[in-house]
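Two complexes are shown next, each including chain A; its partner changes from chain B in the first to chain C in the second.
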Partner chain A sequence: MPQAKVVLKWSTTLFVLVIAIVLSAIVCLTIGSVTIPAEVVFQILINRLFDQGMTFEHGYDVIVWDLRLPGILMAILVGVALSTAGATMQGLFRNPLADPFVIGVSSGGAFGAIIGLIVQQRMLSSIPKEHVLPIASFIGAIGTIFLVYLLSKKGGKVSVTTMLLVGIALSSFFSAVTMFLTYIQVGDPRSVLFWMMGALDNIRWYNVQISFPLILVGVVILIIYSRDLNAFSVGENTAKQLGVNVERSKMILLSAAALVTAVAVAFTGIIGFVGLIIPHVMRKIVGPDHRILIPSSALFGGIFLIWANTLSLNFSDIYEALSGEPRLVILPVGVVTALFGAPFFLYLLMVRK
Partner chain B sequence: MLKIKDLTFSYDKSQDVLKNVNIKIKKGEFVGIVGPNGCGKTTLVNILSRVLEQKKGNIRLNGEDLNTIPQNEIAKLIAVVPQESMFEFEFTAMEIVLMGRLPYLARFQLEGKRDRKIAERAMKKTQCWQFRDKYIKNLSGGEKQRVIVARALTQEPEYLLLDEPTSHLDMNFQYEILDLIAELNKTKGVTIISVFHDINLASKYCTRLLLMKDGRIIADGPPKTIINRKNMSKIYEFNIILKRHPKEGYKYILPDIVNTTNNQIIPILPTISQ
Partner chain C sequence: MKTKKFVIIITLIIIASALLPGCIESNEDDNGGKNEPPISVTEVLELNESKIITIDNTDYNFTVKKIEDPTVILALNGNDSMIMLKSNEPEETDTDFDGVNDLEINVTEIAGSKVTLDLRSTGSASKYRYITDDMGQNVKVPKKVDKIVSMAPSITEILFALSVGDKLVGRDQASNYPASAQDIDIVSTYEGVDMEMLLVKDPDIIIMDKSLDFYDTNYNKMKDYGLNVFRLYPRTIIDVLNNIETIGLVTNTLPTAKELTDGLRDRIDTVETRETLKPKVLYVIYYDGTTSPWVGTSSTFSGDLIITAGGKVAVDDEMGIAIQITVEEIISLNPDIIFTSQDDQWPTPSRDAILNDEALKDVNAVKNNLVIDVNADLVDRPGPRIVDGLELFSDYIAI
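On to the complex of A and B.
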């Protein structure tokens, strides 16, 4: 394909995905315990954005602006973070089974969370749990990656195979401690359990405000270094022979992927499957070139998680419509991603033969 | 000009894999490195492409210290064809070849017309243009290796390093690839440094042979003077039959391990006493 055609194809893909993400967000803003018409949603958004001073009945603007919108924006951010981190890990480890949690971010985060909650209970009870949990899990997640990196370093070089193994070892260790602490019921096991299932409810504006700049920085770095990922995905030695400063690139890519993953899990816990499946889906559509794979995975991950979240929040209604009896059924978003992601992925595998 | 002076290398402190290696390679040479397994051939190639870091000794590439040249500048001077490449993702042959332009492109620069032209020429030369849109992982070993050679050419290197480039290929492809490399050497003046498993192939193509054993260069010169009984007995533990190719005139060897008087195979390695 000539250059102009590549540029056209890539920009069309991104354009379509941007439109899709905006439409998905608007549609999902209308859905909930009360259905709010799309034109009202529009008015509310414009009113809040440009300070028009309009008022809305039934507190619609509070529902849309303060309750639904932060959740949807957070879903986008987490989807972006996990998909780009997943694509990066798969390229870096040259392993299609890699995901953002492959070197222990999740178990490190859970470990951090439970330790943080114990400390909060014993010493810092003035600080609310909701503030301790994200900070503690963020520290746990970042700390684990840092530890994996340090332990894998030998003579100024880091072997990715060693990193995988060190990651597995540390993961099992932290999981064991977490399980033990959960079992003997210290700290707040229930919160940790919810954290491990992943949840996008109870997201407020401040969550979005903190996550947005951090995830943005990380993703921009990943996009800047996506070219090096192409070289990595045909082998580390080859990357070097093609002129890539391998050790530096690897450290930068790992740090950026770790940052976005740790920020994502800090507020929403472990939402599985997104980081594994989205890069695969996009690879089928746009090919393995990371210069388009990373940004398009980011957008598609956002779209996927908007819908997964909406489904998770409104599952009670679906349950009622299907069974005829009203009942409060909570389906964690991590369950939704796997429940609907897996068959979709299998379908993709089948049709492309 | 590539100048290797007093190069010593070890993976761990206990044993040196390369011992005090001194080589001067002029532009336009076709150098073959031969020797038994574990003699340090691949290590030497990996040091030259900077996959391994050289600490003791000094290597100068066109007069500059190899350690001070930025990695992407080296990639413009030296291209490498490894023994075998593994592909995990569905890159097309064309995409793989275009990666050879990486050292020339700025971070956000897409491959332009000129880059594509260079890639096309390389692929036509190596006869893989016809499967440019096929997935690299679905190609056969020989086809894959042709794509890799095309990628190396796309780097427009002055030096081409090859590590047993044909050891996984059948005879057809072996000669095809090496004919191609010999032609590049002659027409474009690309300096070739290649590790050979098969001394007969090295003898046919190279203008100079380096014989290695235990991390040292034990002989250095044109194939016709290097391939002799004395040298061969240093690197092979069996007797050989030394012949000349009836038409092309290069020397080749055959193993001579059958005792002709009673048709018994002479054990090459001393048998383990029970």
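On to the complex of A and C.
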């Protein structure tokens, strides 16, 4: 147990982050393609939370509660998932370039999605696409992890370096096949492409209801095992000497990280840079102790993705302000995170020198 | 003896060379090898005078617009001017005005405000007439049209409705109605026009819809090869009726065309007299629950159908093409009726996606079970069946 001073510092940080996330959520609830005044948004929230029985015109309360709120909650969940998974990967692999997709989860998920799409079109057209895609993607993602694990296992032990390499190899393979299938697929490849660049539009309550427990479980596990991650960062042999059951911890950490990433990818496609950048930012602010790094990365990831999502969905307004043309432009979230993440990442590299 | 032989041979060679150019002299004409004697006329025109000059059975209306020795600016048939130099070849203007190809025009003299024109018909004029298409071009159309190429499914439908479907020698890939249209060879796919196929077919006239060739790529290609292309550009139901009559004119079936449009007009009038409560109508082209929906607007055909049937168009826009809106906007617009575009060949999931979307459940159209699949071909194709689409819309819009 760390000193009281440190615990106080950590608690304060987490408290501030929680306030920030709640404020971000409320502010972004007022932003959307249909202009709804902030007071009305507040009234809607109070109405729904405390069952006041008010009615609103123009479907405002449906827009705020059934469209925007699930979207924001999903952004939080996915931001939390990707940041914690990213921090975990960076700790496990002892590599600052690691991100949640490093062992092939993303390409496996994309591959599963496109297979699911084709199967749904040909054989299961009675079940709507938005139900089939997440399940197929999830199966693809988890299946890939298993494959990576099996291929990297040697004599009861799994070397992280081997996993990394196997992950890269499988990623390339699945990416190539996915690209090819997307290309020859008859029909509208637009929605698949959009998904592969990260999509948080058109999220509904049931998406949140399914992902919430899964991501919560995974993140809680990662927080509990964050002490083991601290040990890992000094080397596996040292960790063993410190009393860590290395192989078991590794398995649990990887599984939890893979689980939350697979859920995120299944519902929202591949959103890059979040899992990579957020842990680095938080490491600078709170330090490398994973017991604070993991939860604070989670919260900051949520904040970041709420704003990235709002920007991506309302890019039309910026487009209109810049070009004078009113046109609906929805930037995929992955593009927004890359636009911010890439320059920031370069900055990080410069500073390290 | 050798010298004599030599002289004879040289003489023969000289004689042969003198005759040779004459032997190989080609008769340039563009009417398939038949030589018809050109017909010449010399006329004197005054500045600002318009004169109708008849050459080879065809009337040409010339106007002298400006004289600046040695240049003269002429207008032909009221269209774009040609700049001519005295006794020189006519300079090409940069509009493609086909009338110039059939006439050789020479300004032989300029005297004050009088211009002497020497006009020679190249012999093909009597075989053609000029009809203005929707893009303002005076298109050269043969008087007898036996081989037609259609570059749009709506045009194919019109041609069959006018009973000249048997004259079609080529169609675009999307032309699938009526069923017999599918037996016609495809000369144009979604990737563009197949020039080789098209040239082999040697059509008398090619009819296309400009809205399907948004950037004029196919049109320019065909013009580069010197083909006669007639462009339609219908935007409303009335435009469709006019197009039917224009195609009737082009294919020499104007009486049939007028009969057809009279019948269609009667049906439209019947629809317009029905009483409605002016419901708000949204036309959804594509929605699958994962990307923002594509919808028709006030400036697309669906918009004109809705207005004519007595409804209000949900989405206002001027661009004339389908646009994307957000689900938030659909909720806010709260349409009373939603028509979802459906296709037999490529089924769209729109209706199911809308009915299954929990965020849309309070929208009027969804609540009142007024989300209706309509055959896209009846709404998006500017052909005779658009009135079928109009009547279908009216069935739900009228009381």
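Remarks
Methods note: the second predicted complex is superposed on the first by the 332 of 353 C-alpha atoms of A that agree within 3 Å, B and C clash if a C-alpha of one lies under 4 Å from a C-alpha of the other, contacts with A are read in each partner's own complex, and residues count from 1 in each chain.
Note that in this section a residue touches a chain if its C-beta (ideal position, glycine included) is under 8 Å from a C-beta of that chain, and two chains touch if they have at least 3 such contacts.
All values derive from a computational prediction rather than experimental measurement.
After superposition onto chain A, the modelled positions of chain B and chain C are compatible, with room for both. By the touch criterion stated above, A:G243 is placed in contact with chain B alone, chain C being left untouched. When both complexes are overlaid on chain A, the residue A:I224 reaches chain B alone and has no touch with chain C. Across the overlaid pair of complexes, the angle with its corner at the CA centre of chain A and arms to chain B and chain C is 140°, in steps of 10. Contacts of A:G143 after superposition: neither chain B nor chain C is touched. Nearest C-alpha atoms belonging to chain B and chain C sit 40 Å apart in the superposition, given in whole angstrom.
On chain A, the surface touched by chain B in one complex and the surface touched by chain C in the other have no residue in common.
Residues 46, 49-51, 70-76, 78-80, 82, 85-92, 95-96, 99-100, 102-103, 105, 107-108, 110-113, 116, 155 of chain B touch chain A in their complex. Residues 2-3, 6-7, 91, 94-96, 224, 227, 230-231, 233-235, 237-238, 240-246, 283, 287-289, 291 of chain A touch chain B in their complex. Residues 32-34, 58-60, 62-63, 66-68, 125, 128-130, 133, 187-188, 190-191, 194-195, 199, 201-202, 204-206, 313, 327-328, 330 of chain A touch chain C in their complex.
Only residues 286, 288-292, 323-329, 331-332, 334, 346-347, 349, 352-353, 356-359, 362-363 of chain C touch chain A when the two sit together in their complex.
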